[in-house]
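Okay, so chain A shows up in both of these, paired with chain B first and chain C after.
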Partner chain A sequence: MEIPYIVNARKDTGLNNSKIAIWLFLASEVMLFGGLFSSYIFLRIYADYPWPERTLPVLPGLINTFILILSSVTVVFAWAGLKLRNWNMFVANMAITIICAAVFMVFKAKEYAGKFHHHATQTEDYGWVEGHLHYDEGDSTHGNAYVVAAKEVNFSVDSTTANYLASIIAQAGDKLSLKRDYVIREISGNTFNEKVLFEAGTALTPEVIAEAKQHFIKARTHNQELRTQLLKDAWVIARDPNKHNELVGLKDFDSKVKNTVAEVHTALVKKAENNNEFLLANGNMVFDADGAELKFNSGWGRTSDAKEGDSTNLSLLDGTVVTGTAGDSNFHYRYVDALDFRHLVMKAEAKGLHADDLIEQSPILALEGEGGDKIRKIWKTHKEWRKHLAKHLEGRKDALTGEGRKPTEIDLYRVTWHQMYAYAQLDYNITEENWMQVKDDHQPSMIYDITGMTKEHKATFPKEVEVPREKVRFDSVFSPKMNNYYAIYFTITGLHGLHVIGGAIVLGYYLFFGRKMYNSNPEWLANRVEVGGLFWHFVDLVWILVFPVFYLM
Partner chain B sequence: MADTPEEIKSHFKLYFTIAGVLFVGTVLTVLVATVESLDIGGHGFDTYDLVLGLAIATFKMCCVGYVFMHLNHEKKAIYWIFFGSLAFAAILIGLFGWAFGDPIIFDGMLPAKPGQ
Partner chain C sequence: MSDHDHNPGFVQKYIFSQDHKIIGIQYGLTALLFLLLGFFLMMVMRWSIAYPNEPLPEWMSWVFTDTWKGRWLTDGKVTGETYNMFGAMHGTIMVFLGVVPLGFGAFGNYVTPLQIGAPDMAFPKLNMMSYWLYLVGGLMMCGSFFLESGAAKSGWTNYPPLSSIADSQHPHQFFTGQTQWLLGLVMLISSSLLGSVNVITTIINLRAKGLTWLRMPFLVWAMLVTAFLLLLAFPPLEVAGIMQVVDRFFGSSFFQPSGLYTSATGVVEQAGGGSPLLFQHLFWFLGHPEVYVLLLPAIACVAEIIPANTRKPLWGYKSMVFAVMVLGFLSFIVWAHHMYITGMSSSISTFFQVTTVMISVPSVILITSLLISLWGGSIRFTMPMIWACAFLPMFGIGGLTGLPLAFNLVGLHLHDTYYVIGHFHYVVAPGILFGLFAGIYYWYPKMFGRHMNVFLGHLHFWPSLVAINFVFFPMLMQGMAGFHRRWYNGGDAYVVDADSANVFGQIVRDNIGLNSVMSVAVFVLAAAQLPFIINLFTSWFAGKEVANDNPWDATTLEWATPTPPGHGNFTTEPAVYRGPYEYSRPDREEDFYPQWIEPAKKAESSENNDAK
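The block that comes next holds the complex of A and B.
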C-alpha cells in the first residue's frame, strides 16, 4: 500500500504528512519536558533542604553541550547532502552525528557511575559526611553492614530467598541447628498421622528449608480447600428449611442467612479441628545460632536497634528474622571527601538557634580515631579560611547594589575535597598571605573535572572514618533515593539520554540502510532525514536548557 | 523551505554562524558561572546568574529552532502546533505556580485561631 503525501506536500497544509507528524510528536515532547521542568522549578523553590546547586562536574557537561551542538550542525549538513544528491556528504556528516551521540552517552555513563559510587551519611543533627565506604575484597556489604551476634534465626519457609539463605549458611551454617522438632501431619486415606519431619538439632541446609516449604504449601492449600468446602456445606445446611425454618419468608433473609452460615461454618471448622482434619501449616523454622556473628548488607533489611551491645531483631526483606545482640554496624568510610553542615544550619536557623554552636556539638566533629582527628582539624582550618574570605568579599562591592559581597552558605558550611587537599598543602595553617591558594568552592570546578581525584589528593583525606549507626539519620549513594534533586536530575537527564539513544538509532538506520532508498527515491530519504533531524535538534534544544539549569545553577 | 541546490548552499554560511553563536553562548554561560570576576550581582549563584543563564539559554534555543529547525520559513500549521504546545506548557507551569500559591491549601495547615 502506498502511503500518501510522504514526499509531496498536501495542498491544504502545504506540508507532507511526515513533517506534520514529527511536529505533532515534538509538541507532545514539549509538554512532557515542560512538565518535568515545572517539577524541577517547584521542587527547588519549595525544597526543605539545601538545594545541591552547582554540584555536578561542569567540564563533562560542557563537552557534551559542544558535542550536541556539533551534531546539530552535522545533521543539517547530512540533510543538505541528500538534497544536493551528494551521498558522500550525507554519509560523512551522518557518521559524525552518530559518533557524537555515542561520545555523549559515554560521558553521561561516566557521570552516572560516579554518582552511584559516592556515598553520603546524614547524622541525627542533619550534618553530612560524604565519601567512599570501605570495600574489603569479597565483602559485599562495602562497609555498610548490620552485624548481629545471633541467638536464633527464624525463617519464613515459603518466602526465604536463596541468596539470603546462602549468605547465612556461608557465614554460620555449622553453628545453626533446628531449635525444636518440625512436625507435619499427613493424610493417609481417612486417617491423619503426625510425624516429625526434622528433629531438633538438624543442621541448616537449603534442602531442609525447601522440604519444609513444600510441606507448608501443601498443608496451607489443603487447609484452604477444606475451609472452602466446609463453607459450602454450611450454606447447604443453613438453607435447609427443615433445620432453619425461622429463615424462610423473612424480608431480610440474606443477612439472617449470612449470620447463620457463619455460625454453622465455625461449628464445622471446630469439628474438623477436633478430628485433626487440618494439616499442620507451620511456616516458620527457628534455628539456634549459638552466638554466631552474622553480617548483612544494610539494604537487605531493617534492624530494631543497631547500637553495639543492645538486643536487636534484624528483619530481612524475605521475612527472615535474626534475633541477638547488635555488633559493630557502623558505617566504615575508606575516606571522607566532603563535610556539609548546611542542612544543620537551615534547621537551626528555623528554630532560632545558633548554628555554629550546634556544629561544634555535631557527632561528625566527635568521631573517634585518626579520621575523626583529621575532620576536626579540617573544620578548624575551614573556619579560619572563611574568615579571610568574608573579609575579602566585603571589599568587593556588588556592581548592582553597591553593597559588599558575602560568603554563600556553601562557602561557610561545606568543605569539599578540593579544600581538604588545599588545607593539607598549607599544613592546616591559613594566613592572610596564603588563604587565597585555597580554592573558593562557590564556583564549579573545571580543572579537577579533568584530573579527578588522584592518589595525592586521597592521601590528604580523613581515612578509616567510622560513623556510629545509632547517630545516623539517613544514608545513601547519590541516587534518586538521596533527595528530590537527584530524583529530578536522573529523571530529566535519563529521559534525555534515552532520546539521544533513540535518535541515534533512527539516524543510524538511515546511514546504514538508506542507500537503496537513495537510489530509488532520494527525495523520500531526504524527507526522512529531515524528520529525524528535527527530532535530533529538539534533543539538542532540551540539553541547551538542561546544561545551565543542572550544572551551573 | 530551501529546495533548490543554490538555496540550500546559500544557507551553509548561516549554519556555521549559528553553530559559532551556540559555542560562544555556551562558553559565555560557563565563564559567568565559573570566573568570579565575571560574576554579576552577589557572590555565588543568585537571581542575576539565574536570569543571565536562562536568557543565554533561551537565545541559543531560539537560534536552534529558528535556523536548524527551519522555523524561519515554515508553514502556518507548524507554527500553530509548536507554539501552541509551548503556550500550553507555559500555562501548565503557571497553573502549578497558582496552585502552590493557593492560600486555602497552606492556611489549612496552620493551627486554628482561638475561638474557631
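The block that comes next holds the complex of A and C.
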C-alpha cells in the first residue's frame, strides 16, 4: 500500500498530509515564539535596571519589515504561478522572495556587527560610558585585556587548556622556567624509586604539562584505588567481633561505628604512607616568569586587583594562576559616543539619595586627559539643554493630569551621539534661542543609522578616553551579555534570522531543483510551495511582532 | 501489494529505516537500553544512600574505569558531586530518554498506524529523522559522563541559578556536561516535535475507510492527545533551553538575578537582572503535560489489553475518550502546583489548586472505567493481562498519594521530600512502566511472530511487583518524616546517637533504617529484570510461534495484518465496520467481532447490487 493523500486532499478532512503537518508545525512555532515573547514581558516587568527603550536604529528595521512583507506577497504569486502552470511567473516571484530574504539578512548582519564592536563600561557608581575601544588589527582581546607583569605562573596540570597555554608560551615562553624539581615516584613490585621528572629550570612547553598531567592522573588513580581498598579493609576490621567487640549489635550509622571505621582507615592509610605505597600526586607546576608581561583576554579569568602597580593574582578559567604586578589594564576608548546615568539615578532613588549630586561625583566626570575635559564640557552643556527642555515642557499641560509635562529619564540622564554632535554645532553654548535646534536642525538624520557616522560626527566626540579598570564594575560590548534587553533581542531576532535562512533554503530548493517535479507532477510542487509559503508568512508575522516590540517600544 | 518494488539493503531496512514498525522497534530497544542505564545510575545512588560510609562494591563499580573512579569517587565512596550528577542524569534519562520514547516512540510508532489501517506514518523520512535526533541527543547527554566536567549535576529540572553556575568556570563551554545536556535536550525536543506532527497527521488523514473518530481504539485517542501535548508543551522548554545556552555561550543573564554571589567566584560577573522563576515557569509548562505524555501511552496499552483479556467491551469507551481530551487540556493549566514553595500569591495558588483538583476527575474516570471493565469479564490471565492488572492498583496508589500534594499547605510541608519522590515513582515505575511492560508482552507476538516465554514472564512479574513496593512505599513514610530528596548520604549526616536530645536527629534515626530496606529491594528489582532481558531476546528466535495472525482473538486492526507485518502493513486495503471493542456479542458465535470483518448481510446485498 502506498501512503495516500500526499498530493490530493482527503475528502472528509479536506486536507492533504503536508498541509496538516505545516499547520501543526506552525502551532508549535507559535508556542515557541509565544514562550520567547512571554519571557520578554517577564524580563521587562521584573527588570531592576533601566530598560533600554528605542535604542535600535529604526530605519533599517522598518525597511526590513517592508522587505519581508514584499517577500510574503511574492511567495504567493510564485505559488499562483505554479497553479496557473506558468513556470516563468513562479521563477521570477520566487527569485524575488529569496533576494528579499538575502537583503533582510544583510541588514540584520550589519546591525549585529555594529553592536559587537560597540563597547560600554559601567563604573562602580552605575554610570555608563559607551564608545569604541582602541585596539590594533589582530588583537584578539579587542582592547579589553588584563595585563600582568608575571612573577610566577602556577598551572593545574590536569585542567590546563591548550589555547591558554599556547598564549602564555607565545607571549613569554623563553622567560618561563620551572621553579622546583617535579618529582614522581615509580613502583615496581615491592620497591619504589623516586626520580626527578623535570628539573628546576626546565622551559615551559605543552609536552612538559602533558607529561606531568599523565603522571598526576596515574598517581591520583593509584592512590584512590589504594585508599578504597584500605577503606574496605577498615570495614572488615571494624565488623570483626574479635577486634571490635564494642561495636557488635550497633547499626552502621551509629557514630561509634563511623568513628571506628574512620580511625582504622586513617591508621591503615598512615601505615601505607610509611611504607611508601602511595604515588606522588602533584597537580601543580609552578614556573618562574621573571617579570614577563602577559596579556589575557578579560573573558579568560578574573583578577584580584587591577590597579596598575599593585600586586595581583589573575586566575584563569582553567585553574592557571598568574601572580605578579598589575599592568595597564585600563579601557582605552578611541572615542566615547554616549553617556548614561539612568542606572545611577535608579539606584540612588531606591536608596533615597540625591541623584544629581552623585552624578557630579561620578568617576566618569573625573576622567583624566583631553577626553575627560570634553566629557565634562558635554555634560555641562547637556544640563543646560535639559533645563530649557524642562522649562518648555512645564508650560505644556498634560491632558490627563492637567499638570505640566516632565522630561523623560532618557532626556535627563542620557547623552547620545546625536546630542554630542548637536552641542558641538552650537559650540557648547545653549541658550533660550538655540536649544530647540539640538533635536531639530542639528539632529543627524536617520540615514546615518544605515550609513554609519561620518568623520564629521566623530570629530565632536570625546577622544582617547581612558577609564581605569579599578573603577569599573561591569563592561561588555552590546552583545547578549550587556543586559537582558540585548539578550532577548539577540535570541529572538537570531532565532527569527535562522527561520529566514531555513525558509530561504527550502524555497530556494524548490526554485533551483523544482523543475523536474514541475514536469512530472506540478500539483505536488504547488502543494510544497504552498506549505513553504505558509511557513514564510509565519516568519513574516513574527517579524511584524518583533519590529514594534524591540525597535519602537 | 506489500513489498512491491521494495527490496532495501540491510542498512536501509534496519538502521536508517523509514518503516514505522522498524522505527518503533528501534525506539523500543533504545529506550529499554536507556532505562537500563538510568536504573544502573539509580542503583549506585541507592548504595550511597543506604551505605554512605562504605566504598561502592565491586559488582557495581567494575563498570567504571580506574581513572574515572580516581576522579569521581573518594576512597571508593560516592561523593555529593557524583551523586548529583547521577541523580540529574537518572531523572533525565528515565523521563526523556526512557519512558517517553518507549511509550510514545515505540508503541506510538508501531501500533498506531496499524490500528488505524494505515500503510505507514504520513512522513516516513521525518519519522526516521525523529528517531535519529532522539538517539544523537541522548548520546550527547550521556557522553558527557566522560568529559572533564562530568555530566549535568543540577537535577533533571535543571533549575537556575544553580544550573547556570554549573560548569560556567570552564574554558570551553561546549565541552561541559551542562551545555551538552542543554543541547541534547534541544535535540530531543526537536525529535518529539517531528514525531508528534507525524502522529497527528497520520491519525487525522490516514485512517482506514470506515474508521470514524469514535471507532478509533482508545490507544489511538491517547496517542493523539499525547502528540498534541508534545507539540504544544515542549516549545516553551525549548525556549528555556535555548535561553540557557545563550546564557552559557554569550554571557547573558536571563536566569541570573542581580548580585549573585558564589563562594567559588565571588560576585558573579554578569549583568544580572534575570529571573530564576522564569525558568521554573517555562520548565513546568512542559513538565506537567510531560507527566501525561508519560502516562497516556501506558494507560492506552492497558485499555487495549483489558478488553481482549476479559472478553468484554471496554466499559465507558466514550467517557474515556472525552476524559482524555479534558485531561490533555487541563494539563496545560496546572503547572504551577510544582512551584507552591516559590512564594506565589494566594490568588494564583488558589487557581492552580483548583485546576489541579479538577484534573483528578478525568484521571479517575480513566482508571475507574478500566477497573469496571474487569467486572463480570471472563478474565484470561495471560502475561500482558497480569501486568495490566498490576498497573491498576499501583497507578492508583500513585494517583491517590498525589492528591494531598495538590493543596499548597501540604505541598509546602512535603515539597522536595521523599514523599514526592515516592508519589511520582509510584506513578511512573509500577504504574506506567508496568503498563508498558504489558504492552511489550501484548504486541510482541505481532512484532516477531512468537510469544514471549510465560515462565520467564512470571519470574519477571512477581519479584518485580513485590520488590518495587518495597522500594517506593518506604519513601512515602520517610518523606512524611521530612527526609529530603537530595541527601546523597540518605540522612547519615543528620543522624544522632540514641541518647541525643536532637529531635530531628532522632526522627532521622528512626527512619534511616528504611534506606537499606529500599536499597536491597532495588537490587532484587534489578535481578528481577534479568528474566525479562533473557526473555526479550531468546523469544525472538525460540519463543512459541503464534498460531495465527490474531493470537489474542482481539478486535482491532493491527491483528488483521500478516505476522510480522510486511512493508505497507496490510495485504488488502482494510475497511472498518464497527467499534473497536466488540467482544462477546450475543448475536455472534465467536466471542469477538473484529473491526475489519465485513457484515455478512451487507456483503450479500452488495453482491446483489453488483449482479444488477
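Assume the second predicted complex is superposed on the first by the 476 of 553 C-alpha atoms of A that agree within 3 Å, B and C clash if a C-alpha of one lies under 4 Å from a C-alpha of the other, contacts with A are read in each partner's own complex, and residues count from 1 in each chain.
Please note the rule applied: contacts are C-beta pairs under 8 Å (C-beta built on N, C-alpha and C of every residue); 3 or more make two chains touch, one makes a residue touch a chain.
Only a predicted model underlies this, so the values are computations on that prediction, with no experimental measurement involved.
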Touching partner for A:516 - first (chain B), second (chain C), both, neither: neither
Touched partner set for A:408, first chain B, second chain C, both or neither: first
First, second, both or neither for A:77, with chain B first and chain C second: first
Which superposed partner A:231 touches (first chain B, second chain C, both, neither): second
Touched partner set for A:15, first chain B, second chain C, both or neither: both
Partner chain in contact with A:221 - chain B first, chain C second, else both or neither: second
Touching partner for A:484 - first (chain B), second (chain C), both, neither: second
First, second, both or neither for A:159, with chain B first and chain C second: second
Chain B versus chain C as contact partner of A:2, first or second or both or neither: second
Set of chain A residues, in rising order, touched by both chain B and chain C: 13, 15, 20, 24, 27-28, 31, 34-35, 38, 42, 46
Residue ranges of chain A in contact with chain C within the complex: 1-5, 10, 13, 15-17, 20-21, 24-25, 27-29, 31-32, 34-36, 38-39, 42-43, 46-49, 159, 161, 163-164, 217, 220-225, 227-232, 235, 251-256, 258, 261, 265, 299-300, 302, 316-318, 474, 476, 479-484, 486-488, 490-491, 495
Chain B residues within the chain A interface of the complex: 2-3, 5, 8-9, 11-12, 15-16, 19, 22-23, 26, 29-30, 33-36, 39-45, 48-50, 53-54, 56-57, 60-61, 64-65, 68-69, 75, 77-78, 81-82, 84-86, 88-90, 92-93, 96-97, 100
Residue ranges of chain A in contact with chain B within the complex: 13-15, 19-20, 23-24, 26-28, 30-31, 33-35, 37-38, 41-42, 45-46, 53-54, 58, 62, 65-66, 69-70, 72-73, 76-77, 80, 83-84, 393, 396, 398-401, 405-408, 410-411, 440, 442-444, 446, 533-534, 537-538, 540-541, 544-545, 547-549, 552-553
Of all residues in chain C, those that touch chain A in their complex: 1-2, 51, 53-55, 66-67, 69-71, 73-77, 118-120, 122-124, 148, 169-172, 193, 196-198, 200-201, 204-206, 231-236, 238-240, 242-243, 246-247, 250-254, 258, 265-266, 269-275, 278, 281-282, 285, 492, 495-497, 509, 512-513, 568-570, 573
